[in-house]
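Below is one structure, written out as C-alpha cells; comments come after it.
Naming follows writing order (A, B, C, D and E), and every chain is counted from residue 1.
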C-alpha cells in the first residue's frame, strides 16, 4: 500500500512519490510482476496529518499488505512506522529526518539519505571547494528544514566554519524580502539554503532581485527541476549536493518515462517512489518470500546492484537501521539546467 | 536605512496584494452581507484558467479576458444561482460553512484535475527591476500598488456614489424592504458577484507571479486578506488598502528586526490591537445605534 | 429621599446635541411622564440613565446610590427594569422562556443557577404575566413570530417579571390595542398603589400619559421645556406649540 | 420548559440502543474501524464543546483545534515527565478552561466575523507557539511515543480498552452538557445568542456567560485533546491548525448547530464521509467538499433539521407561503437582535 | 364559489392565509374602495398585518381570491404589484441603516425621473422638517420617530395609486400623526386609495371613510368611519379576545 500525503501541506511531495511508485508498479506488472505475481497497490491519502496517517496505516495492515510505501512527512512516518512495526511489515519512507531510523525499528527503510548522512557531504564541499569561513543558513521552519538545519550546523561546526546567520522561514512563505535582507546582512562567505521547492524558488528570485552575489549552496530541494522551472534564471549559479536528481545520467530514462506518463517533471520524491517499488521487488526476490520478516532481513546490512535490479537506478546499501547509502552528486545550475559536476562515492565502503 | 526602505517597499507591494484580496471580502460584506471562505480559491481559479489559456497558445492578455469571462460566468452567475440564491435567509454561519465546503471542493478539484504542483506564471510587468536611492524596486511591485489603489478607489466610488452601488448595499442590509421598494434584488446580487469575479481575476493576474499557480495558493491569501480587511474596516473599501499595507509592512519589519518565527503572528497582533481600540477597524464607520 | 435623581445629563453626537443637560427627580411611588417631539432626546436620556450608552456628562443616583456609569446589568440587579422603543425580544425563544429569562438571574447565585431547576422557580409568575397580557394562547411560540403588538407586550411583561422597584417604559402603548392600553394603565396604577413601584413613561399617547402620570416632563431639543402636573402641561402654550398641536 | 420528564421514552429507547451498539462495535470491527470509531468519539467530545459556544451561545469561535492542541500537548508533556494520565488530563481541562476565559475576552468587544477572526488568529498564535517553542513542545518534530494510560492497574494500551475509555468519557461529558443546557444557564446562553442587549438589561451577566461558554467549550476541546494524544501516540502542530478549527465548525453546523446531537452526526460526516469516499481516489476530497456545500444548501439548519425542514415545506405548501415571508421573519428577528 | 366582483378596488374573497404552522386568515372577505381611506382595526394578533402582507404578495393565499381592480392577483410578486401602483409601508424597522436619510429616500423612488425625484424628496423634507435637519445622517442613528417619518416619507415619494400602510402612528409625535393623517386624506381626496392599519383608533377614524374591524382572522364589523366613531360599543370591538386559539 501507499500511504502518502495527497492533500494538505505535503501534497506536492506526496503526489510525486505516489506517481513514481505507480510508474514502477505498472512497469513491474507489465513485465510479469514479482515472482510471477502481479502487485496490487492501494493509495491512501494521509491529508498530511499524523492521525489520518495512522488510520491509513492500520487500514493497510488490516488489508494484509506486503509492504507500505510512505508517508513522506517525518511526523506521519513516526506514527505509521510504529504500526507497521507491530505488524511486521516493511515500511519504505521518503522522509529525511534523522529520528525516523533512530527508533530502532527493524522494518523501516529509507529511500533517501538521512539528513545526518547527506549533510557531511555538503559541509565538505563548502569547506574544501568553496573554502568558506562563514556560512549563513536559511531553512524552512518545519521538521524537514529544522532537521537539516540542525545537521548542517553541527557539520559546519566540526569543520570550524562559522554560522554567521540562522534564518528561519515559514512553510508557504511568499515574501522573502526580509529573509534575504538578513542573509545579506550576515555577510557570510556562502549561503546554505534548505527550503521546500516552492519557497526555494521564491528565495532565489528575491536573492537575485536584491543582487546577492555570494555562492548559494543547497541540497536537493534548492536545485530540483521544479525550482528551476519556478525561479527561471534566478536559479543559475546555485550549486550543491543532491542524493537523487532527475538530471543525472542514471535517471534520464526514468525521467523521460515519468514525464510521458504524468506530464510533469519528476523530482527526488518521484525517484524515491520509483526506487521504493523496485527495491521491494529486489528484496522480495532476494528473500524469495513475501513475508515481512524475511523481506526486512534480506535488506538489512546488504547491498543491491543496478546490474541485477535495473529499477533501483543506483547501487544501494542499507545498514542495520534502515538508513540508505549510495552514490550522490555535486551539481550546479547553469543556463536553467542542472549539471552534475561530480559524483560522490558512498560514504561507507560496503 | 536603505535596508529599511527596501523592507518598507517590499512590504507595501505585498500589502497591495493583500489589499486586492481583501477588497473582495469588503465588497461581499457590504453588498451581499456574505462572508466567502472560498475567496482564496476564487483567486486561484482564474489563475488556472489563464494558465490553461496560455498552455493552449493564447497570449497572456487574451487568456486574461477569457478568464474574466469565465469568472463572471462561474464565480458570478453560477455561484449566485446555485449557492447564494438558495441560501438566502439561512444565516451567515450556514453560508460560511457552505463556502468552506466549496473551498475544500475547489482546491481538491484543481489538484485532482490539473496538478498538485506549483506552476510559474508570467508577470504582465516583466521581471525587470530598477534602483532608486539604493532600493531595488521591481515593476510588478509598482504595478500591484497602482492597480490596488485604482481598484479600491473605483469600487469605493461605485458603491457610494452611484445609485446602483447604493441599491446593492440596500439589498445587503435589508432584503425585505429592498423588495418592498421594488429594487431588483436578484439583479443587485448578481452585480455584486460579477464585480467580485472581475476583482478576483485581476487579483489573480497580479499576484500569481509571486504566489505561483498552485491549488492551495488561496489559503494564505484568504487569511491575510481577512485580517487586512478587518484592520482597515470591513465596511469601507479604502480600509482594505490601508489594512493590507499595514499588515504587509509590519510583517516585513517584524521578520527582519524581531523574530521571523512569529512573523505570521504580526497580522494577528495588529488585528487584536485594532479591534480592542477601534472595533470597527481604522477606517470603518461605527456600528449602528443599538437601542 | 427621591428614588431616582438625575443631574445634568448631556449626550452629544457629532453636531447633534441629543440630550443637553437634563435634571429631574422621581419620588418613591411617583409615575413620571416624559413627552416631547421626535428626536428630542427622550430615548437617549433613558439610555444614559440605564447605562446603555455613556453620557458625556451628568450624574444619576438610584435610592441615594451613585449609579453613573453603571451598566444595564447592574441597574437591573438593583431593581430597575425597562422596556425598549424598538422591539427587543429573544426571537428564537418561546414567549414563556422570554419571561422566565427576564427574572431567572435575579435569585440565587451565578454558580448556583448552574444546578438550579430549569425555570429557577419562575414558572408561576410567568403564567401570571401571560394571563395578564392575554398571551396565553401563544405562550409556546417563538417570540419572533408574534405580531408587532404582541411582541411589544412581551417586552413590557419582561420588564415586570423580576418585580422591579423602578421601571422605565419607552413608548409602551405604541402598536398596542386600545383595550390593552387601558389594561396596562390599570396595571401600572395598581402596582404603584400596592407595591409603591415608581415609573417613568415615555409616550406619545397623550390620553394615556395625562390619565396616568402624577407629573410630566416635556423635552424639546434635548432640554426640559416644562415640568408639571398633567393639567398644567396640557395647558402650557409652549408645549402645545412644540408638541401637541391641536 | 414544557417537558417535565427528563427524556421521552422514545428518546430513551433510541439512546439505549445506540449505546448498546457502541458497546458491541469493537467485536465487529478491525483495527482500522475501531481506530476510526475512537477518533470519531474524540471529535464528538470536541464538537460538543464547540456546539455550546457556537450553537447555543452564538459566539463564533474558530480556535477549537487550538484548544484541542493545548489539551493534547498538556497531556503529552506531562506524561513524558512521568505524570499519570489521570492527573494530566484534568490539568488539560483546567488549562484549556483558563485559556478559554482569556480567549473569550475579545468576544466582549466584538461579534460575528470579527470574533471569528480574532479567535482564528489565536489559533494561529497557538500553532506558532507549538512550532517554535521546541524546548517545550518538541517543535515541528512533535512529541512521540505517548503512552496510553492504565486504569487502576489495568492497561488501556490495547485499542479496544482505550476505545471503551473514550466511550465512557464521551458519555459522561455528553450527560454533563445535557444537564448544563437544561439548567437556567442553558437559557442564559440562548439569550446571549438571541439578543445580548436585551439580555443584559434583564440582568443576564453577559460577560460571565460569554466567558463561560468559551471556557467550557474549550474545556471540552481540552479533554478531547487529552484523549487524542494517547490515541495517536504522537502529536505535532499540524492537526491543531486553523483548517481543523474550520472543520470543527463544519461538523457543528452540518450536524445542526444548537442541537444536542448535531455534533455527533456532524463529526461522523466530517470524519467518516471522506473515508467512505476514498474509493474515488484523487477526487474524494473534491466530492466531499461539494457534498458539504450541497448539504448546506439543502438543509441550512444542519442534518438534524431534516424533520423540521420537511414539516416546514409541507406546511408552507399548505399555507402558500413564499420565500419572502421567511425573509420578512428573518428581518424582524434580526431587527430584534440588532 | 361565488366570483362576483363588487367593483371595489381591492377585494378579499374567502381568503385563507397564514404562516408555516398557523392559519391566520379564515375565509376572510373584505373590500376597499377607490378614493377612500379604509381603516383596518382589531386586537393584537388579529391578522391585520397579515391582510396587508397577503395583499402585497408576501404571502400566497391557500384558498380564496385576492382581487385588485377586478383582477385576481393571487401569487403576484411585490415587484409586479409595485409596477401596478401599489405600495406598502410595513410594520417594524425597514430602513437601510448604514445609508444616509437622503439615500434612503432616493431608493424609494428608483424608477422616478431624476428631476421629479429631487422635487418629491424636497416635498417630503418639507413635510418632515426633522428629516431635513438630518439629511446626511445614517438612518440607523435616527430616533424611533424620525425613522418612522423616513419610512412613511419614502413610501409617499412615488405617490402610488394604492398605499398599504401598517400603523403609521407608531412612535410619531401627535402633531406629526395629524400631519400624516392629513396627508393621507389629501391623497384619498385626489383619487388615490389608502388601506391603513391603526391602533390609534380614535384619531384614525376621524380621517377615514370606512372601518373594518378584524377579530380572530375574520371580518367582524364593516361600517362607515363616522358611524363607528359614535358607536357606544366601540370599545367592545377591541376586547375581542385572542386572534387564534
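Basically, contacts are C-beta pairs under 8 Å (C-beta built on N, C-alpha and C of every residue); 3 or more make two chains touch, one makes a residue touch a chain.
Computed from a predicted model, the values in this text were never measured in an experiment.
K.L.:
By that same contact rule, can you tell me which chains touch chain A and chain D alike?
P.N.:
For chain A paired with chain D, the chains in contact with each are B, in label order.
K.L.:
Stepping chain to touching chain, what's the minimum from chain A to chain E?
P.N.:
Minimum number of steps from chain A to chain E: 2.
K.L.:
Ranked by contacting C-beta pairs, which pair of chains comes out on top?
P.N.:
Maximum number of inter-chain contact pairs occurs for B-D.
K.L.:
Could you put a whole-Å number on the gap between the CA centroids of chain A and chain C?
P.N.:
73
K.L.:
Whole-Å distance, chain B centre to chain E centre, using C-alpha means?
P.N.:
Inter-chain centre distance comes to 44 Å.
K.L.:
Which integer distance in Å separates the CA centroid of chain B from that of chain C?
P.N.:
About 46 Å, centre to centre.
K.L.:
Please output the residue numbers of chain C that touch at least 2 other chains, ranges allowed.
P.N.:
43, 52, 84-88, 145
K.L.:
Would you give the residues of chain B that are in contact with at least 2 other chains, written as numbers and ranges?
P.N.:
As it turns out, chain B has residues touching two or more other chains at 108, 111, 174, 176-177, 179, 219, 261, 264, 288, 290-291.
K.L.:
Can you list the residues of chain A that touch 2 or more other chains?
P.N.:
Each of 6-7, 141 in chain A touches at least two other chains.
K.L.:
Across the complex, what residues on chain B touch chain A?
P.N.:
3, 6-7, 10-11, 14, 108, 111, 115-120, 127, 129, 136, 138, 210-212, 214-216, 219-220, 248, 251-253, 255-256, 260-261, 263-264
K.L.:
Chain D touches which residues of chain E in the complex?
P.N.:
17-23, 53, 57-62, 77-78, 90, 92-94, 97
K.L.:
Which bits of chain E are touching chain B when the two form their complex?
P.N.:
Touching chain B: residues 56, 78-79, 82-83, 88, 90, 94-99, 103, 106-108, 110-111, 138, 140-141, 154 of chain E.
K.L.:
Please output the residues of chain C touching chain E within their complex, sorted ascending.
P.N.:
It comes out as residues 13, 16, 36-39, 43-44, 85-87, 134, 136-138, 145-150, 152-153, 171, 174-180, 204-206, 243-245.
K.L.:
For the complex, give me every residue of chain C touching chain D.
P.N.:
50, 52, 71-73, 75-77, 82, 84, 86-93, 96-97, 100-106, 110, 113-116, 118-120, 123, 140, 144-145, 151, 158, 161-162
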